[in-house]
Amino acid sequence: MIKVRTPTILVNFKTYAEGTGKQALELAKAAEKVSLETGVYMGLAPQLVDIAPIAHAVSIPIFAQHIDSISPGAYTGHVLPESVKEAGAIGTLINHSERRLTLAEIDSIISKTRELGLVAVVCGNNPEVSAATAVLNPDVIAIEPPELIGTRIACSKAKPEVVTGTVRLVRRVNSDVVILCGAGITTGDDVAAALRLGADGILVASGVVKAKSPYKVLLDFAETLARQ
Amino acid sequence: MIKVRTPTILVNFKTYAEGTGKQALELAKAAEKVSLETGVYMGLAPQLVDIAPIAHAVSIPIFAQHIDSISPGAYTGHVLPESVKEAGAIGTLINHSERRLTLAEIDSIISKTRELGLVAVVCGNNPEVSAATAVLNPDVIAIEPPELIGTRIACSKAKPEVVTGTVRLVRRVNSDVVILCGAGITTGDDVAAALRLGADGILVASGVVKAKSPYKVLLDFAETLARQ
Amino acid sequence: MIKVRTPTILVNFKTYAEGTGKQALELAKAAEKVSLETGVYMGLAPQLVDIAPIAHAVSIPIFAQHIDSISPGAYTGHVLPESVKEAGAIGTLINHSERRLTLAEIDSIISKTRELGLVAVVCGNNPEVSAATAVLNPDVIAIEPPELIGTRIACSKAKPEVVTGTVRLVRRVNSDVVILCGAGITTGDDVAAALRLGADGILVASGVVKAKSPYKVLLDFAETLARQ
Amino acid sequence: MIKVRTPTILVNFKTYAEGTGKQALELAKAAEKVSLETGVYMGLAPQLVDIAPIAHAVSIPIFAQHIDSISPGAYTGHVLPESVKEAGAIGTLINHSERRLTLAEIDSIISKTRELGLVAVVCGNNPEVSAATAVLNPDVIAIEPPELIGTRIACSKAKPEVVTGTVRLVRRVNSDVVILCGAGITTGDDVAAALRLGADGILVASGVVKAKSPYKVLLDFAETLARQ
């Protein structure tokens, strides 16, 4: 059930210029086009200010890049989980390497997502950390070795042992969680390698957001996934 | 010149339920109504996800509650200054007591706002801290003793020396900056007291956002201000 | 093997006045006396500046309250793991509720302790978080519900399900780790309750440090432990 | 008065291997030798665990590298100002670029140092930030452009405008504070340049700590200072 709600390609727009405002909207439409053409479930994680406009403009699921471990109240400048849901997000990234959280916060935010019916995508920087988060029962775990993030060296090819190690350690404590593989993914081949190593899908950022044609890159990814 | 761009009532929506999503939009419309009826310059600081919808719906200026000290790039889960500008904000709160920043970040964010033409509203928790921020030349300084935030005990009445002390210390190093007074402001009387002590306007949150009728409270504030 | 190196009573001096400087030294001597008289393995976690003097003055094992995830280098104001070892500590608390760490830091610090031969005592605020840390293979896990810390309401009596839940969830992923129970422990009875629920020992702070006679309280604890 | 208590050479040991434990003690003795031979007032900022042993072993003043904005209480893993004083420190670095603090913390820690009679040495990363801290009346301000820290490119030679700008902006708001210049200082010539630009002394780290002969480097510095 949960799995049906989880994307097999999740695009993190980060705070790239190409992933902000109008450019974010165009990127979202390109992704929607690929998703409709191929039937591959694709999610988008734009910046907070872009969630509402993008959620109104496209039919594919939107994720926040981060939410805070708070309830409604006096928390100026923080991200209320309820606010991203009302804005149209169906889930959120948690603990991305560029926005690390305390373990107690990760636990508390996963509980929040459960209460609110949001999909929790927790990021881990290595197999051990990923397995530790698996104990907390998120919907999705995304493994991304930080040293490969933003490079064009695919985790699934350069460090296959990180993917297989994550799958093995995570499965020991959690048989249901969806596992995404990220960092350096730029071609359909990288995607195919990730799937062969046991990943259920991919988390991607610069490889799509900063591509000359995000449409073509995503189509390559989606066709690879559709063939599996 | 700058002063014309700075509001004399700035409403911080925080992450209150009454200041989120649809309720935030209604609140913004009530504020716009008061502003149009009285001619008092009013700014609104809703949550990040609500900036775009509110900026489209109302004609009064919108502020972010926080931006990060970053440029476009790989900063998942952070707030890109450019993104809030493109979403329709004309300025931002900086260093609110509920979102404190390092001194180096405050300095760097003020520089960012200058580059982007955003209005910088820096918050201080006491006269000394406020005077220290004045050296960095923000557009607006808002003094809020944290122990009175969220109470119904107005800073301008319970701690007049905090307001006068801030005005005195800030003016020593900066004669131009607009000074707002906040914390516990709930009535026109509190506003009048703030102005008498040398403040140029007020920063308000729960006193408006959680009021039975935000319209009536803001009208009371604005009429007091218009009378000065 | 590792178990032999882990204390069954670990006294956290925090930054209490009664646990600083000369008073810390007296406290350490009282603890050593109890340990020698009863044969119960007792560890002490004084403040950083007090590690060297206390390690020289007493024969029982000393722990740091925190170390940073760093190697020798340019990290002004941080705590180098190597420095606490050279000063005489044999281990360290990690992720105490009053000094929470990111999950990636917890993982990295545990690896550091392994390299340096230090004993890693990771704190968790609830059973789920404790079980997540168990995946990372520390030597000791200390469960402390933060709402009971500093009270005189013993975790082992007021929230037995927290202790049993921790033991159950931790044991699912890690059969070796030593489990300590903390928060609100002030009497031998509280200690006995903790052991009955499956804990291997206790983590204690104000119950000892702020007691009229730390010696008597520790003796009560140690005799209870020795009877098991 | 205050000036007499402030060193003209302050050596930050950071967390370098060469500045830890036994090596820290040797370094401290070399510095003491230079200070006694030249009469130049020299301060040392070793790691927290090394404060007590070094303060006992040498007669020159010892500083902490960081203290927290806390009073005695339940703050596991934090640095109690009272604890470094009792251990033998006479002052502390505050807000070093490698340990940045919120503006409210800087203010609160300076107040703490005043209460306890400790010397407050606040670090700034540029002239504007340094001038902002000057409003808070610390005893000493140390300017260090972070991009030069740890290099062998002296701030006083490569960026003279940073030193003169700091002196100018700081003096506008504070005529008493002692100004140190840091980052990249490795020779007596660098020291002389700093003094010519208006600095009262220097803050140094790797240039001394990682030198083949810290004694010779410090002697070169001190003789330059003594000649002024």
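Couple of notes before you dig in:
In this document, chain identifiers A, B, C and D correspond to the written order of the chains, with residue numbering beginning at 1 in each.
As a working rule, a residue touches a chain if its C-beta (ideal position, glycine included) is under 8 Å from a C-beta of that chain, and two chains touch if they have at least 3 such contacts.
Quick caveat, the model's predicted, so the values are computed rather than measured.
Chain centres were defined as the mean of their Cα atoms; on that basis the chain farthest from chain C turns out to be B.
Between chain A and chain C the centroid-to-centroid distance comes to 37 Å (mean Cα coordinates, whole Å). Once the centre of each chain is set as its mean CA position, chain A and chain D turn out to be 45 Å apart.
Shown for chain A are the residues that touch two or more other chains, namely 97.
If you check each pair of chains against the touch rule, the ones that pass are A-B, A-C, B-D, C-D.
Of all the residues in chain C, the ones that touch chain A in their complex are 95, 97, 100-107, 124-126, 128-129, 131-136, 169, 172-173. Contacts from chain A toward chain B in the complex involve residues 12, 14-17, 20-22, 47-53, 65-66, 70, 72-80, 82-84, 86-87, 93, 96-99, 149-150, 205-206.
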